[in-house]
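Here you go, one structure.
Labels A, B, C and D are assigned to the chains in the order they are written; within every chain, residues are numbered from 1.
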Amino acid sequence: MRHSSWISCCSDLRNMSKAPDSILRRLKVRRQKQRTILAMRWRCAKGGKEFKELDTFYRAIRPYLCVAQLFGIMPLSNVLSRDPQDVKFRLRSVGMCFTGLFLLLGGIKTVMQANILFRTGLNAKNMMNLVFLIVGIVNWLNFTGFARSWSKLILPWSSLDILMQFAPYAPSKHSLRSKLRLIGCVVGSLAVVDHLLYYASGYYSYHMHIFHCHTNHSRLSFGSYLEKEFSETFELLPYNMFSVCYGFWLNAAFTFLWNFMDIFIVLTSISLAQRFRQFADRVLALQGRQVPDTLWYDIRRDHIRLCELASLVDESMSNIVLMSCANNVYVICNQALAIFTKLRHPINYVYFWYSLLFLLARTSLVFMSASKIHDASLLPLRTLYLVPSTHWTEEVQRFVSQLTSEFVGLSGYRLFYLTRKSLFGMMATLVTYELMLLQMDAKSHKAGLPDLCA
Amino acid sequence: MRHSSWISCCSDLRNMSKAPDSILRRLKVRRQKQRTILAMRWRCAKGGKEFKELDTFYRAIRPYLCVAQLFGIMPLSNVLSRDPQDVKFRLRSVGMCFTGLFLLLGGIKTVMQANILFRTGLNAKNMMNLVFLIVGIVNWLNFTGFARSWSKLILPWSSLDILMQFAPYAPSKHSLRSKLRLIGCVVGSLAVVDHLLYYASGYYSYHMHIFHCHTNHSRLSFGSYLEKEFSETFELLPYNMFSVCYGFWLNAAFTFLWNFMDIFIVLTSISLAQRFRQFADRVLALQGRQVPDTLWYDIRRDHIRLCELASLVDESMSNIVLMSCANNVYVICNQALAIFTKLRHPINYVYFWYSLLFLLARTSLVFMSASKIHDASLLPLRTLYLVPSTHWTEEVQRFVSQLTSEFVGLSGYRLFYLTRKSLFGMMATLVTYELMLLQMDAKSHKAGLPDLCA
Amino acid sequence: MRHSSWISCCSDLRNMSKAPDSILRRLKVRRQKQRTILAMRWRCAKGGKEFKELDTFYRAIRPYLCVAQLFGIMPLSNVLSRDPQDVKFRLRSVGMCFTGLFLLLGGIKTVMQANILFRTGLNAKNMMNLVFLIVGIVNWLNFTGFARSWSKLILPWSSLDILMQFAPYAPSKHSLRSKLRLIGCVVGSLAVVDHLLYYASGYYSYHMHIFHCHTNHSRLSFGSYLEKEFSETFELLPYNMFSVCYGFWLNAAFTFLWNFMDIFIVLTSISLAQRFRQFADRVLALQGRQVPDTLWYDIRRDHIRLCELASLVDESMSNIVLMSCANNVYVICNQALAIFTKLRHPINYVYFWYSLLFLLARTSLVFMSASKIHDASLLPLRTLYLVPSTHWTEEVQRFVSQLTSEFVGLSGYRLFYLTRKSLFGMMATLVTYELMLLQMDAKSHKAGLPDLCA
Amino acid sequence: MRHSSWISCCSDLRNMSKAPDSILRRLKVRRQKQRTILAMRWRCAKGGKEFKELDTFYRAIRPYLCVAQLFGIMPLSNVLSRDPQDVKFRLRSVGMCFTGLFLLLGGIKTVMQANILFRTGLNAKNMMNLVFLIVGIVNWLNFTGFARSWSKLILPWSSLDILMQFAPYAPSKHSLRSKLRLIGCVVGSLAVVDHLLYYASGYYSYHMHIFHCHTNHSRLSFGSYLEKEFSETFELLPYNMFSVCYGFWLNAAFTFLWNFMDIFIVLTSISLAQRFRQFADRVLALQGRQVPDTLWYDIRRDHIRLCELASLVDESMSNIVLMSCANNVYVICNQALAIFTKLRHPINYVYFWYSLLFLLARTSLVFMSASKIHDASLLPLRTLYLVPSTHWTEEVQRFVSQLTSEFVGLSGYRLFYLTRKSLFGMMATLVTYELMLLQMDAKSHKAGLPDLCA
């Protein structure tokens, strides 16, 4: 039983938020110094429940962090530990070695690709591949930066999680863990199918091309296809089993990273929204009762803590959110453009539409789940409207004004917020853009497919 | 006299809102449990008026629902009954058979059309026809989904309607029923003219083409035109009276659905706005009097009930609203593009401009009537500003803040709201798009009409 | 002395606002019935000042109405009278005859122009002329509609004007009349120059064309130019002095109407903003003093009256505002497109740039002066923030919330509001559009000027 | 010791703000008359600290003003003095001579450039150079206008600065002076590199062109390049050392002005934000203590003074902000278009990308630092939410509503505000525009580089 470690963890809270703004830091520290330590110790001791079995965000997200380690994303040491305070960012750790390795190999791949492109001439079409690689590299760096601030984030979050496991907060129907597992599995499987279709579509095109245009049918094998697919790898490495695996692995890493970025935002949003909903449930339970002002003050404090956690998450993840949205929009724009391009084989159509729809769905999922944080944060409002005038005090009024005045949710450096409205704006712009291009397309002469062997 | 049935209906309210959000559900149930049942029973008994003759929304919308049944839209059983609680969605009913039939036949038509298009090559122009069919299918499904939640919606609405038939609520000058009948008839007639013009324009073009370019004048008849018009039907069926009727009927069903979708939103909006206006009238009547806090509390409760009804309607109809707006905008964009295309015959011009203007008017009507809900919900504000300070209590202040803080109205999944501002934004985007295309058009060489017989 | 007539005018207030909304109407009537009549009679009697010499909006706008009569705009009878209650819309009046004449002649011109265009083929370029004529016709109708509601608007406005001529309201430094005269004269003169440049540019081009390409130099005269310019007139009328004047006059009427529309909005906005500023001055004068609640209530009532006047003006002028903005934006878009078109003669350049800049300035002026209404309505806020807590009562707080909650200003059917933000949005869209076209232009081959005599 | 001069300076405050709005002026004057003079004298005397050594905005910005004098920007007399009240705008001063000289020489350059362009035909590409010159001239005039209102701005700012050097305001960690010096140096150096790269890229292209295409290798020198670069100078002046220096100097002046404009906005924003943050720190220090209402009132007054300073700055700098943003966006649009243009030499690529990225970074810096003013102004809110109900008085509530109701920050004539949201909107529009152009580009035939010697 390492309850004592939790107490020291709570005292760590004092140092946790080295946010740029001195005011915000001092504010947080002072408040948390007072309450958290005492409350936590008392609760855990009394509840007698092992906190490792509690339905915390850390417990739910841990499997994803473990998998991410394999691809050098979010290098944290002791990620297998069930105790969030063991998990820290260390510059000299196995995770960092992995990350360094990926950055090195990914960097080489990127430089070589860039080299090829600049030789043949950069244009809007072939740029997409390069952007994909560069975004990947930037994301590895972003996640490494996020890993550095991970312990500053997970400790207050865990303490809030523990707080909300006990009365007066009611547990939610479905545990956070099962929710996150479900969503992660579904999106993950769809991503794997997407990745496999990529190879299938590529190989089939290659196969048909060789079959019809070359007499040398010895090059029909899957191996020859890979030789072409990973051509920039084979400029440095000889062709053998190992280097083929290496090619697959590096490709998979970039694809995984891209999907992980979105999934991670979704999972975090769902977890935050859940806490806000639990909070609203607690407020609802008070309906019809005579609530003393001190209790309202306590509730309001909890609300401020939740809001501060949300703003801490927003601050830490801003660059990841910005990168995710920018990249998704860019790829959608590029894909959407090709809707009316004639493709040669049915498998090409399948891959094209599958990946486009999957991307649209994933992007919408990111926006919709993040917008749920804000929606959930406004839920207590309806209960408060029904407080009768005899119980209506200054505290309740302040609570109402607090609820309505601030925006709670994720954003990309506060340049834009992940809301339904933003999603609609994005979609509307996309559609306008698409319509414009279609009309331009309709005007130009429509050539058929170019000769297969040209 | 089936007053007793109404009481049971009111007790059904407890189960009515299986909204996804547990909090909202519990909130609603508790409140309605307390008040509704008692109040309703007392009123109906005292009023002695047969509720079937009251000016309820159900009574006003029923004729439209009956007509919709003929096209398999909103399959409800007992739709002829005057008692809203008789009307329920049943999986095994005549309505569902109709819906299934339409889905099947519409589906076949869609698949065949898609087949033809994919063979000849999909492009921006010929896609429109396919989109029209697909949107139709989706709408049948949407309305079926709406029918499932119909009883959850109509029961609380009807009870509110009854509440607002009696004092202190004053009846409105024109009954809801007459208003809805007027609008329905006008828009409906315009839609019928639009549909007839479609055939007239098509047949005239066909006629002139055959007359000038073919020697075989036996194919000048209307029947031959239909053979071409419903060509995908005659791929499966032999040409006879029955299959021609079938072609007409299926075409009419899709067109009816498209118009019904918009009209339904308009009618619902008008009905909701009417209730909000009645509510404002009641508040106005209190002006200059000394109003006790308990009465303000009662009024505020009624306002919350109205807002909840509005948000229930918004939730249930979100997908219909989204589909309606998306489809209308898409068709307008496509039509607007063709403004400067030279047409051959005057009747073509008449049809083109009539259908474009009708569509624009219908879309504007949807937005304008939906925006009236919000406008009406703000009307009590002006009365409240004039409450003198001696009567100004906490209750009034809360009422004011309640009125100003929330948005009341229809939306497409809260991605966008049906307001005047949205309408303007949409129109502005359309105009920009149109201007851009015109300029592109002005640059390209303007050929005359292609040869008629080419 | 017709003081008694003013009293009856005030009793007319009861019938004045047949607004569509019964609530708003009843609200207004009741309030004004109580206060206005008594206060007005008492004031005018006591002040002993002839109200015809007061600096009212009616007195300031009257000269413009008189000029407008000459072109059949806003047909009001007795417009020469200095008493606003004499000026009413009458169906059988000289003004209406004029309006009818203009509508008839303008209609004929429009139909003939449309006929020519449909024969030669409508396109983006030649459409502009037709749109100009149609907008003119619609505006004549709009202004006639506005004239019908004129007496409903000017009577409450005048009574407010009178109220604000006396203490406690301080007169403003520059009289409304002088302000309006200055702006009207400046914009009017610029418009006249614009109109003259139109003929100069047209005639010079015509002259050079005939001089270089025709041997028949007898057609070099200004008369021959007019024959071409007013060609659609001379299809119906023989060529003589009278019909030339007729051509000039009709052209001038359309141009005058276009300018009048904008100037009228500007003048109205300035007058409204002035009253709001006077109101803010009164509130400012109370600063530092102990103000009893009853006085605050009086001030708040005056504010509500001002806001109601503003919303009445907004309602009456919505269609004029909408038309003005839509038309201006359309013409700017069309002109902006031609920026890089090579013109043949310097005078063409002068006319083109002068008219473009004049139009931009006029449009900006419309938006800027209308936005000043809202700015002025917020001015009392700063004074209220400085009220010390000892004098801070519920009345003051309600005043603050009233000031911040509502938008005061002009709008186009509330689809958009005339604010600085809207102006910026419009300009940004224009610039984006322009940039896009320029780039498209840069790509296409730049031909020189076409042959002069082609 | 010139303390007495400060007192007279403070009495100057009475005359300082000849803002157009009489109300605002009178408001400010009255307030400042009461407090400022007494408070300032008392403080300075007591503190015993020489105010010239205080960390005021004037002291921090002075070096930049001195440098600006060299290029005739912001002509102020006595700019070397450490006392802000010595620095005034005088029509007859050395600074004005400089400004006049630059306006004259710059004007000649602009006219000659315009002359060349109009002769060869204006188009979207060559217009950029002319716009650059015109914007420069306008900016000289703008800054001269700003210099005229400088003393009206710097005196109240300095008195606020002095106020905030002493308790209860805590000094900030890094002095304003060091912050401003750091940012100025970094951006300045980057700008110098940009300017040098411009010449390097130009000379290299020129050199290679002569080397490959001309036999006369005597023209390979840097001097010959300059002859071409400053061709419009050498139309008026003979070619010698002096006129070359003149060419460099004038070019540098325009470039300096462009950079200075942005840097000046950034520095001003940072200084303002700093004061708001200090203010928030003071409020934070009161947390947990029992604060009497009089103290809250004092704090609220200080906040109003800060807001008034911010709105004074906004008013004075509106035209500079508008010009800066409009110009930056225009240049970015033009540059962004050329991304896929093939360039001949690596140095061309280096210059192109360096200058594009530098411009984007500078523009973002302007928006981000200006948006910090608003962010900082909202910081006290969090402290106020935590005030317990026992200490919650009307004063605190008014403070909260004051903080939330007004926008504090810089704007371009309030047409747009410098916020993160605006930056995002601008960037999104840019990206959409860029994407559209790229697609249009992708469609047109891609020619290689044109012949070097063509």
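Methods note: a residue touches a chain if its C-beta (ideal position, glycine included) is under 8 Å from a C-beta of that chain, and two chains touch if they have at least 3 such contacts.
Since this is a predicted model, take the numbers as computed values, not measurements.
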_By that same contact rule, can you tell me which chains touch chain B and chain C alike?_
none
_Same-residue or different-residue interface between chain A and chain B, half as cut-off_ = different
*What is the chain whose Cα centroid lies farthest from the Cα centroid of chain A?*
C
*So what angle, to the nearest 5 degrees, turns chain C so that its CA atoms land on those of chain D?*
90
_Between chain A and chain B, what distance separates the C-alpha centroids? Give it in angstrom._
38
*Per the centroid of Cα atoms for each chain, what is the distance between chain A and chain C, given in Å?*
53
*So which stretches of chain C touch two or more other chains?*
436, 440
*Using the touch rule from the top of the page, what pairs of chains touch, sorted by label?*
A-B, A-D, B-C, C-D
*In their complex, what parts of chain A are in touch with chain D?*
21-24, 26-27, 30-31, 121-125, 293, 297, 300-301, 304, 333, 337, 393-395, 398, 401-402, 405, 413-416, 429, 433, 436-437, 440, 444
*asked:* Looking at the complex, which residues from chain D come into contact with chain A?
replied: 173, 277, 280-281, 284, 287-288, 340, 342, 379, 381-383, 385-386, 388-389, 392, 400, 404, 420-421, 423-424, 427-428, 432, 435-436, 438-443, 446
